[in-house]
Amino acid sequence: MPSDAEIAPAEPARQGRERRAAGRVLHRSSLRVLLRDPMGALGLILVVTFVGMAVFAPWLAPYDPLKLDVMNKFQPPSWAHPAGTDQLGRDLLSRIIYGARTALSIALTSVGLAGIGGLILGMIAGYGPRWLDGILVLIFDSVSSLPMIMLALAVITIIGPGTDTLILVVVTVSIPAYARLIRAQTLGMAQSDFIVAERAMGASGARILIRHLLPNVVGPLVILLSMDVPIVIMLEAGLSYLNLGVRPPTPSWGNILYDGYTSLRSAPHMVLIAGLPLVLSTLGFTFLGEGLRDALDPKLVKGGA
Amino acid sequence: MSEAVLNVEDLALSYPGGVQALRGVSLQVRPGEVLGIAGESGCGKSTLASAMISLLSSGAEITGGAVYLRGENLMALSERDRRRLRGREIAMVFQDPLTAFNPVLRIGEQLVDFQVNAEGSSREKRRRAAAMLSKVGLEPDLALSRFPHELSGGMRQRAAIAAALLMRPAVLIADEPTTALDVTMEAQIIHLLRELQAEVGCAIVIVTHHLGVIAELCDRVAVMYAGEVVEVAPVDDLYHDPLHPYTRALLSCDPSALVEHTGHLPTIGGRLPDLADPPPGCAFAPRCPLASESCATPPPRVRPAPAREVLCHKVAP
Amino acid sequence: MLRYAARRICLALVILLTVMIAMYAMVFLIPGDPASLALGPRATPELKALLVQRMGLDQPILTQIWLFLRNAAMGDLGYDVWSQRPVLELILEFFPKTLVLGITTLLWALVLGILLGAAAVVWRGTLTDRLLGLLSVSFISIPSFVIAIYLILVFAVWLRWLPAIGAGNPGDPLSQIRALVLPAFALGIGWVGYLARLVRASLLEVMGETYIRTARAFGLSERRVVFRYALRVAIIPTIALLAVGLGSILSSAVFVEAVFSRPGIGTLMTGAVSNRNYPVVMGCVLFMTAFYLFVVTAADLLIARLDPRVRDAFRR
C-alpha cells in the first residue's frame, strides 16, 4: 500500500487551470503507484506481453499459422513445436501468437470506438437540450437492458458473422456505460463557476467543456475501457468458439479452443494450451484496470487501507 | 478513600499520523461514584472512554500506561479475556441511540445476545432483559418484540441503558448519552441514570461536553484538554472554585449559565494545539490569559486540597 | 408506493417497446428482403410465400409493426418454419432448463460468495484477505467457457467423475443433478468472485457502524459480530443485485450450454443463429429481455416494499 504522502499531490485541484496542471502530476505518480502494487505491475507486464505478441506476430511466430502439415498432426509439445500442433498439423504456438493479433485488434478497436462514441453522446446528453437528454437516456437504458451476448446473436443472424459484426455489437453495447459517465461529469461541470465565468468572457461553451472535461474523465474512462477489454476478448473467443465470430482459418483463441475441444480425448494438450492465453490476457487487463483504479483514485486507496 | 474499581495509569494513545490523542492520563473511578469527564470536542474524552473498555478504533495504538479494572490490567490481557469482562464488569452506552442498535434485529434478540458473558439459558436471559426494560420505564413485552426504528429516540436510549445494566456491571461508561436527545428527554435520562445508579450501585463514567449534565449527575469531574486531564475535583468545588484557567474558561462558556445574561455565546480564543506535534510545555498556554515564561515547561501536578488535582504552573499548592 | 410501482413498470414497458421496435427496424435497415433472410439460403418459393403471409410482410410497414407488437403482446412471437412450431412453444420448452441451471448457479455462488466475503472481513488486512481478493478478481475475469472446458478435461475425461455433455436422462433426477454440477460451477465461479468482493466492501462499511461497536462492547466474538450483526445488514445491497445477476447468468449460459451440449435457450439460439433462423432468434432475444426486465423490476419493487428507507427516498 502506498503511503498518503505520495497520493496527496494526485488529488485534483478545484479550479480548471490548476486541475490541468495537477493532471500531469497525476500521471507520473500514478505510474509509480501502479508499479508498486504487485497486482497492477503483473497486469501491466501481461498486457505489454500480449500487445507485443500482437504487434510483432510475424517476427515472433516460428511458423506460418496457416501452413498445413498433416503428417505431423496432434504433436504434443516438443522443441520443434513448443506448444505442439493441431488436427491439421499447424503450429499451435504460431496460431496463438496470431490469435493475440485477432483478439487485441478487435478488442482495442471496438473499445476505443465505444469510448469515443460514449464521449460524444455523453457530452451531447449532458450539455444538449433536455428532450434530447431524455431520449438518449432512454436509449442507453434500453441498450443496457439487452445482454451483450443476446444482442450479438441477434445482429449475427441479420448481417452474418464476422469481425465487423463483433465490433458493431461491442460498440453498441458499451457506449451507454461510457456515455453515462461522461454525461454525469458534463452535467456537474456545466453548472460549475469556471464554465459559467469563461462563457461570460465570450468563449464557446462546448469548447471550454471539452478542454475542462477531458482531463477529468480520462482517468475513469481508461479504467472502464481497460476493464471492458477482457469482456470483449471473452465475447470474441466465445463467438469464434461457436463459429459465429472470426471465421476459420484465421486464427482466433476461440476457434483454437474449439479445435482442441473436438480432440479433447486424443490431444488434451491443445485445450490446455489454447485456454492459457485467454486466461492470462483477461487476468492481465483486469489486474491492470484494478491497479489503475487504485492508482488514479486516492480515495479508494485510503478507504481500502 | 476506597480502592478504585477502574484505574487509568499514565495512559498514552496515538492515532495513525502520529496524533497523540491521550498524553499520560491518570484517573481513578471509585466504586459507586459518578465521574464526569468534560472537555471540548477533540480533547480526547471519547478516546479515553473507549480505552476504558479497551474498545479502540482501528489504527489507535496504546503507547504507554495501563488500565486496571478491579486490579486486572486490561492492556495485558488477551482479546479473548478482555471480551469476557465486557458487559459483565464494564458496559457502555453510546451517544446516538438511533445507531446503537442493529436495525434488522429485534430489541429482544439483541438484549439476549448482549448477555454472552452471563450465565443462564436464553429464556432466563430474556426474562432478565424484560425486567431491566421495565426498570428503565419501557413496557417490556412491547419493547422486546420491536425493531429499533419502531422506538422513539428517548425510548431507544432507555433500551440502551437497560442493555448496559443487564449484567449489573461494576462500571458503566456513558459516552455523550444525552447529546442526541432533546432537552426534556435529556432530563428524563439523567433522572433515570441517577435512579438506576442508586439501585444497581455501579460506578458511572459520563463523558460529555454539556456541563449541565455533569452538575446534575456527577460526584466528581475530570476536565480534559488536549489529551490530558488538567483538573480533577468534586463537582461543587469545581463549579464554585475552578482552579485551572481552562476550567474557568470552559465554565464561563457554558451556554446554560450565561446566554440569558449576556445574550451571546462567549468563546475561548485560539485553537486546540496540533496533537501530532504537541508543545513541550503547558498545552493551554497559547490561549491562557495567565500564561508566562514558566508555562513553556511541563506543568506540575498540584494537589491544593485532598480531593483535588490541577495541572498548572499558576496554582499554588 | 403505488406511484413508484407504476413508474417502474411503465419504464420497463417503455424499454421493452424500444427494444422491440429497434429489433424490428433492424431487419428493414439491412439490404435484402426479410423473408429470404429469415429462411436463409435454403428458402424455397413456397416457404417464402408462407413466411411472407405469416409475418404479414405484404402489409404496409406501420401495419406490420403494429401487428408485430400486438402479436407479441398476446404471446405470439411468430412461427418457426423449420420445426413447424410456434416460437413461443419452443422457448417455453427450452427456457425452464436454462432457468434451472441459472438458479442453481446463483444459489451456490451466493452462498460461497457471501462466506468468502465475510471471511475476508473476519481476517481483514491479513494475507488471507489479500489472497481472497486476488482470487475474486481472477474468478471474475476468466471466461466461463474456458473454465467449462478445463472442468470437462479434468472431471469428465481424466477422472471420469461427472458427465461431459448433456443434461442427464429424463426421469432420472440423480443423473440430472450430476449433469448440472460442472455447468453450474463454470457459470457461477465468476459470480462467486463478484459477490465476495461486493459483500466484503459492504461489510466493511457496516463494520464502521455504532451498533457493531455496541455488540463488541458487550463482548460478542468477532465471528458473531460479523455473521450475526454485520452480515444481515450488509447483505441487502447484494440481494438487490441478484435479479441483475440472474439475467446476466442466463445470457452467459449461452456459451456454457454450448460447451456442455446442454439443451436450453442458449443451444436453441446458437442453433438458430447458425441456420440464420431469424424468427426464433428474435423471439428468444425478446423473451429473454422481457424476462430480465420483469425480474429486475420485480426485485426493485420488492426491495422498495421491504426497505422503508428506499420507499421514502422515491416518494420525495
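For reference, chains read A, B and C in written order, and residue numbers begin at 1 within each chain.
As a working rule, a contact is a pair of C-beta atoms (placed from the backbone, for glycine too) under 8 Å apart; a residue touches a chain by one contact, two chains touch by 3 or more.
Since we're looking at a predicted model, the values are computed, not measured.
Between chain A and chain B, how many steps is the shortest route if every step has to go to a touching chain?
2
Comparing the two chain pairs, does B-C have more C-beta contacts than A-C, or is it the other way round?
Taking the two pairs in turn, the one with more contacts turns out to be A-C.
In angstrom, rounded to a whole number, how far apart do the mean CA points of chain A and chain B lie?
55
Hey, how far is the Cα centre of chain A from the one of chain C, in Å?
Centre-to-centre distance between chain A and chain C: 23 Å.
CA centre of chain B versus CA centre of chain C: separation in Å?
So the centroids are 53 Å from each other.
Where on chain C is chain A touching in the complex?
11, 14-15, 18-19, 22-23, 26-27, 30, 37, 134, 137-138, 140-143, 145-146, 149-150, 152-153, 157-158, 247-248, 250-252, 254-255, 258-259, 269-270, 272-274, 276-278, 281-282, 284-285, 288-289, 292-293, 296
Write out the stretch or stretches of chain B touching chain C in their complex.
Those in contact with chain C are residues 53, 55, 83-88, 91-92, 94-96, 99-105, 113-117, 149, 160, 163.
Within their complex, state which residues of chain A touch chain C.
For chain A paired with chain C, touching residues are 39, 138-139, 141-142, 145-151, 153-160, 230, 233-234, 237-238, 241-244, 257, 260-261, 264-265, 268, 271-272, 275, 278-279, 282-283, 285-287, 290.
Using the touch rule from the top, collect the residues of chain C that touch chain B in their complex.
209-211, 213-221, 224, 228-229, 232-233, 308
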